[in-house]
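Lettered A, B, C, D, E and F in written order, each chain numbered from 1.
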Amino acid sequence: MKKIEAIIKPFRLDEVKDALQQVGASGMTITEVRGHGRQKGHREIYRGAEYTVDLIPKVKIELVVADNAVEGVVRTIMEAAKTGKIGDGKIFILPVEDAIRIRTGESGPDAL
Amino acid sequence: MKKIEAIIKPFRLDEVKDALQQVGASGMTITEVRGHGRQKGHREIYRGAEYTVDLIPKVKIELVVADNAVEGVVRTIMEAAKTGKIGDGKIFILPVEDAIRIRTGESGPDAL
Amino acid sequence: MKKIEAIIKPFRLDEVKDALQQVGASGMTITEVRGHGRQKGHREIYRGAEYTVDLIPKVKIELVVADNAVEGVVRTIMEAAKTGKIGDGKIFILPVEDAIRIRTGESGPDAL
Amino acid sequence: MVDSGHTAWMLVSTALVMLMTPGLALFYGGMVRSENVLATIMQSFSCLGLVTVLWVLFGYSLAFGPDVMGVVGSWQWAGLSGVGMDPGPYSDKIPHLLFCSFQLMFAAITPALITGAFAERLTFRSFVVFTLAWTTLVYLPVCHWVWGGGWMGKLGALDFAGGTVIHVNSGAAALAAALITGKRRGYRTEPMYPHNLPLTMLGAGLLWFGWFGFNAGSALSAGSQASLAFLSTQVATAAAALAWIGCERVIRKKPTTLGFASGAVAGLVAITPGAGYIDPVSALAVGAVAGAVCYFAVLMKERLGYDDSLDVVGIHGAGGLWGAVATGLFASYGGTVLFHGNPHQLVVQVTGALATATYSFLATSLILLAMKGLMPLRVEEEHEVEGLDRSEHGESAYWIR
Amino acid sequence: MVDSGHTAWMLVSTALVMLMTPGLALFYGGMVRSENVLATIMQSFSCLGLVTVLWVLFGYSLAFGPDVMGVVGSWQWAGLSGVGMDPGPYSDKIPHLLFCSFQLMFAAITPALITGAFAERLTFRSFVVFTLAWTTLVYLPVCHWVWGGGWMGKLGALDFAGGTVIHVNSGAAALAAALITGKRRGYRTEPMYPHNLPLTMLGAGLLWFGWFGFNAGSALSAGSQASLAFLSTQVATAAAALAWIGCERVIRKKPTTLGFASGAVAGLVAITPGAGYIDPVSALAVGAVAGAVCYFAVLMKERLGYDDSLDVVGIHGAGGLWGAVATGLFASYGGTVLFHGNPHQLVVQVTGALATATYSFLATSLILLAMKGLMPLRVEEEHEVEGLDRSEHGESAYWIR
Amino acid sequence: MVDSGHTAWMLVSTALVMLMTPGLALFYGGMVRSENVLATIMQSFSCLGLVTVLWVLFGYSLAFGPDVMGVVGSWQWAGLSGVGMDPGPYSDKIPHLLFCSFQLMFAAITPALITGAFAERLTFRSFVVFTLAWTTLVYLPVCHWVWGGGWMGKLGALDFAGGTVIHVNSGAAALAAALITGKRRGYRTEPMYPHNLPLTMLGAGLLWFGWFGFNAGSALSAGSQASLAFLSTQVATAAAALAWIGCERVIRKKPTTLGFASGAVAGLVAITPGAGYIDPVSALAVGAVAGAVCYFAVLMKERLGYDDSLDVVGIHGAGGLWGAVATGLFASYGGTVLFHGNPHQLVVQVTGALATATYSFLATSLILLAMKGLMPLRVEEEHEVEGLDRSEHGESAYWIR
């Protein structure tokens, strides 16, 4: 099993979520994060002063999937999340040793 | 060392936290996340319109533990988090290569 | 590639971020989390009652870096995040199998 | 004859008392958990809706209509028939309709106060039934007893702006409601922090502001007594807020913001029955004692074990009782009292307050027990965990990115 | 001669109507997504700024200055010349300046109401240009027609507090604005929840409170008519709020908090033209119908497909039209109407409302189309996604840890 | 003789000024970081508590009691003895007690304004000591000088509603306080954004609303002067808000919401001393200049390097000074001034304002330096990082899920 972590632009979330559901990957966990990278932040004004806010709101999607599903899921995310502009985000793939469903105690790919 | 990631129902957090503390696993990090899976979302009404909110509030608990502690921790979480209803969540186990305590620089299991 | 996860005190975030940028590690993702560990929580008062809040606000920094950059990044974080007091936090290192840049499709270390 | 100045003041006072209900909605709303804030706000706002309709149809008549044996008003003024643009029997300086509107706002906020006792667990449906029944069976008669020509007013009980009618009454009802609806799931085992204290402080500010209409408006005219009531209100509120945070400082080491607000409300409650009778320096004493009394009354809840979510008993009940007594001790305009040589007044005050508390407690219990037989009072456990905003109203309060 | 009582009431009423614009800012602000809340609040507040300056320079003169052929006021009072501390032609009991201030607050809130239609997409610059143009070309003449000595007032149209001038007018303009500015990006495909409903409820509370100044203040005196308007306002609001959540209960199974607030505003709108003429029991009917009519008008938006972000058409447009009709049906003081044997009044009411709606719709369309030729109305798509708070104002609303 | 109309207006004005302190609490509270919002709100509310008690005990007497050598009032009215329900020496139309209440609200908000200068770092204990000392040693005498029969009033200084007494005074004190308490940890190296701008905008709305009581209420009657003051206030506020965002547009490219609110407050401050004397068109000028002056005064802070957290100096200090001058330029009722041929008045205005600023700056410095010798002024560094809500009050503002 692998864990796929995708950092995407928040307004693509609905599209990505729907696309994943259509390829059968309905289990996922979403976190609101802030990202720092090439995409430039914006300036905020507070009375006299001006600040640069360089942490940009992003959404992290985490899915644990069986090994053979990785490629499809990654492709789906890339297609749905892409706007072609800087800041579209990254996908990382990490190894997972086991997964357990709390409700039933099932483990391994069955638990997903 | 392993990293245990548990996605649970928010209202079980206190119980899980207390149970973990009792088995000696007091170090942990909690994130508020939203989950998508078999558990159905709920409908929200906004003036005329109705929407389905299918991202459900969950809590993610992350603990890095020594290899021999994994089993006990997983069991403890399962017992404390289980309600038996859909949406109880998952536990994932990931390999960790190293851990460092910032304050002292200790590393490996000593850092936990 | 490795994923470096650092749990630090929120008020050190700016310093850590700046220090990382100076060593060339500008890509990172930040999450607001709450931590439980040796650092004691504080008491909150609500009319008659008193509660102990033992989940302390922390910030999690995640960076995926090439293998040879790990040491430098870890050192940088340690220096910038350290206050010497309990609760300074931890750094965890996890293996990453692949990374993809959504915008271009580049993968591996090039995607970082 | 209608006087423009008095009418101006009473129009404003009526608007101010109206504002107290939204103020209360926010005061209470900030104190519950974030998944129940809308349900809590909704209950207060709904009281404005429900009681207004009831008041026009028959409420005003039963409370203030021609007296029937000292117990209740007659149906003669139902549908506000005969309640017109000329002055009525309760004031010869303002239109009768305006007096009716002013009193309506008191009737609307009283059941809203009670909602604090059963916050975070009642179904909206039960709340609606309860509010209609309680207003009809408890508020209207008690209001009549004191202000509408009923027995308590005839006895000589002093209740300038509703310490007994509104606060003792809602406090006693709250106790019954807390006991009968039972504790919130997780009470005392899970943390139940206020989710938005700035909202609560805003609510407290609006309550304080609106209360000038409540207390100084109860003079029914813009003159000396209104001015006295105004200043006494301000002074007692300030003293009570300081007293509460003083107690906190001593007992818990830290004065809290919520404590300040709670103390302020305690002071507002306690000065209510005597506002137009008590001089400002005595008001200092009334307020200071109110802050301490209510602080300890709230602490006592922990010992007694019932779950009065937002401390209606500790603040409105205890504060209202102390206010009734304090009026019997300190009133110096509009009647002689203990400290001015008339111990009898104190007896009258205590009698009135206790009679009201007893009636209200019993009648509220009967209403709720009857309801319990007919419908579930509380939401299902699962919904209580998920929060009432979603389960009862299909809404979420916040979507902040 | 200036009367202190009437003046007191009108000073307060003016302040209350002023407060409605910040109230509206929060009511609207809570309903948009969190990345647009400041831009939304900013538009309402800016109306207070822009219209105040315009009013002093020439607005009051064009609206209320000496009549020019029933269509508009003359420039005679520009810079408020001749508008002084003595009573003017519109009231002999309050200073002319005070009447001018009272009317200013109405002029300020009307364009603020329209901003709900194009919320979350207009540039701040377009908003400023639009508000200045619309106030000058639409509000001032319509106001003159009804209240400043123009043709509609002469025709005998009853509009006690601005149902036509403010609500029908802003509702029709909102429809034009929604059609011409186009839908928000993602409308109907992405969720667009209100981001902070407690803020919206607070706004609703302030609107309700301020509306007593709006309606009861429109009597221009503190007497019987103000008292009647006050109570009718309260009653219609309550009935409409209950009617709305009643409809929700039947159709969607759940009564909502936002529904209560929306219904309340619908009731406030509908009673506005008749507040000083309609008795409280009839006000119950006016309100109840208003709640249901507006509920369905809002639902209809879904079918018709335009994106009136915050339902200005459904609430102010539909509610305003019903109010104009209802005044022709129920008014019993200050004129005879249908239910009191004068069907002609109904014709006058409908004529006035439709004429206003038509003029407002057409003139607003022309203004916006002309602007569209000169500047981009909407922010760039990227900025719409990112939120207007950042792109237009360089700010973020919340940094809550 | 007590007049019902004037009394009605003054009751309302007093309530409106009271509301400004909670309004300020929210205005300030929204501007600090989320871990200090309660501490900030608490300071404003506490001023209402502390100053009210002090006022009744001796404050009113020292400020308004029989004059002692032009410097301070006597103790004769301590405990409000002799301050009764009949009119007093300051107005023959309203009860003396009411005048005393009205003035109390001014005394309460003034130290609350100062709290913006040392926000996010003072201990609650120091704040309490400072507020009591400052009110006694600075506010009471300055108030006496201008309004209580003291030397400044005798000199002929015009200060209609407290531009000097409240704003110049608090602005100068704020400068001393910012200098002596020192900068916040991380000032200029860490971002210190406002954490909740909608809250700030709400506060601004309430301040604006309440300020009508402050300025128009200062006529002490409901008549022509109150009406003039009302409109001038509205006009100056609008103009100043637009001027501020205009400056932002030019200099930073983007008009901000906080800028609008800041400009509005600047306008309210600047028109305060002249509200009852300045015609609406001149008020446009007063406001427009105020917006620009305060905008640049705030920018200057960046250069001068002190940390006046919420810009009390830049807004109340600079705005107050400009207001004093503007009154000497534009006042046209109640005195002749520069633009009406009396240059001397300008000299008097400047003298009064500078004398107040000097006294206030020096006395505030002495108070704080003395306190510094006796107790720590600031919280420990660790607590400053963690936030004052937790360390000083044991509370968290938000628990939003």
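The rule is short, and it goes like this: a contact is a pair of C-beta atoms (placed from the backbone, for glycine too) under 8 Å apart; a residue touches a chain by one contact, two chains touch by 3 or more.
Every value quoted in this text rests on a predicted model; they were computed, and no experiment measured them.
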Chains touching chain E and chain F alike, please list them. A, B, C, D
How big is the rotation relating chain D to chain E when the fit is done on Cα atoms? Please round to the nearest 5 degrees. 120
Taking each chain's centre as the mean of its CA atoms, chain B sits from chain D at a distance in Å of 44
Where the CA atoms of chain C average out and where those of chain D average out, how many Å apart are those spots? 50
Chain D touches at least 2 other chains through residues 3-6, 8-9, 12, 191, 193-194, 196, 202, 206, 252, 254, 256, 258, 393-396, 398, 400-401
In chain B, what residues contact two or more other chains? 31-32, 44-46, 50, 53, 94-95
Once you draw an edge for every pair of touching chains, what topology comes out, line, ring, star, complete or other? complete
Residues on chain F engaged by chain A in the complex (per definition of touch): 191-194, 248, 252, 254, 256, 258-259, 262, 298-299, 301-302, 311
Chain F residues touching chain B - in the complex, by the definition given at the top: 401
Help me check something: in the complex, which residues belonging to chain F touch chain C? 186, 189-191, 385-386, 390, 393-396
Seen from chain D, its contact residues with chain F in the complex are 3-6, 8-9, 12, 16, 33-35, 93, 193-198, 201-202, 204-206, 208-209, 212-213, 216, 221-228, 230-231, 234-235, 237-239, 241-242, 252-258, 260-261, 264, 279-281, 284, 398, 400
Which positions of chain F touch chain D when the two form their complex? 2-9, 11-12, 14-15, 18-19, 21-23, 25-26, 29, 37-39, 41-42, 45-46, 48-50, 52-53, 56, 79-80, 85-86, 94-95, 97-98, 100-101, 104, 124, 196, 199, 202, 206, 222, 389, 392-401
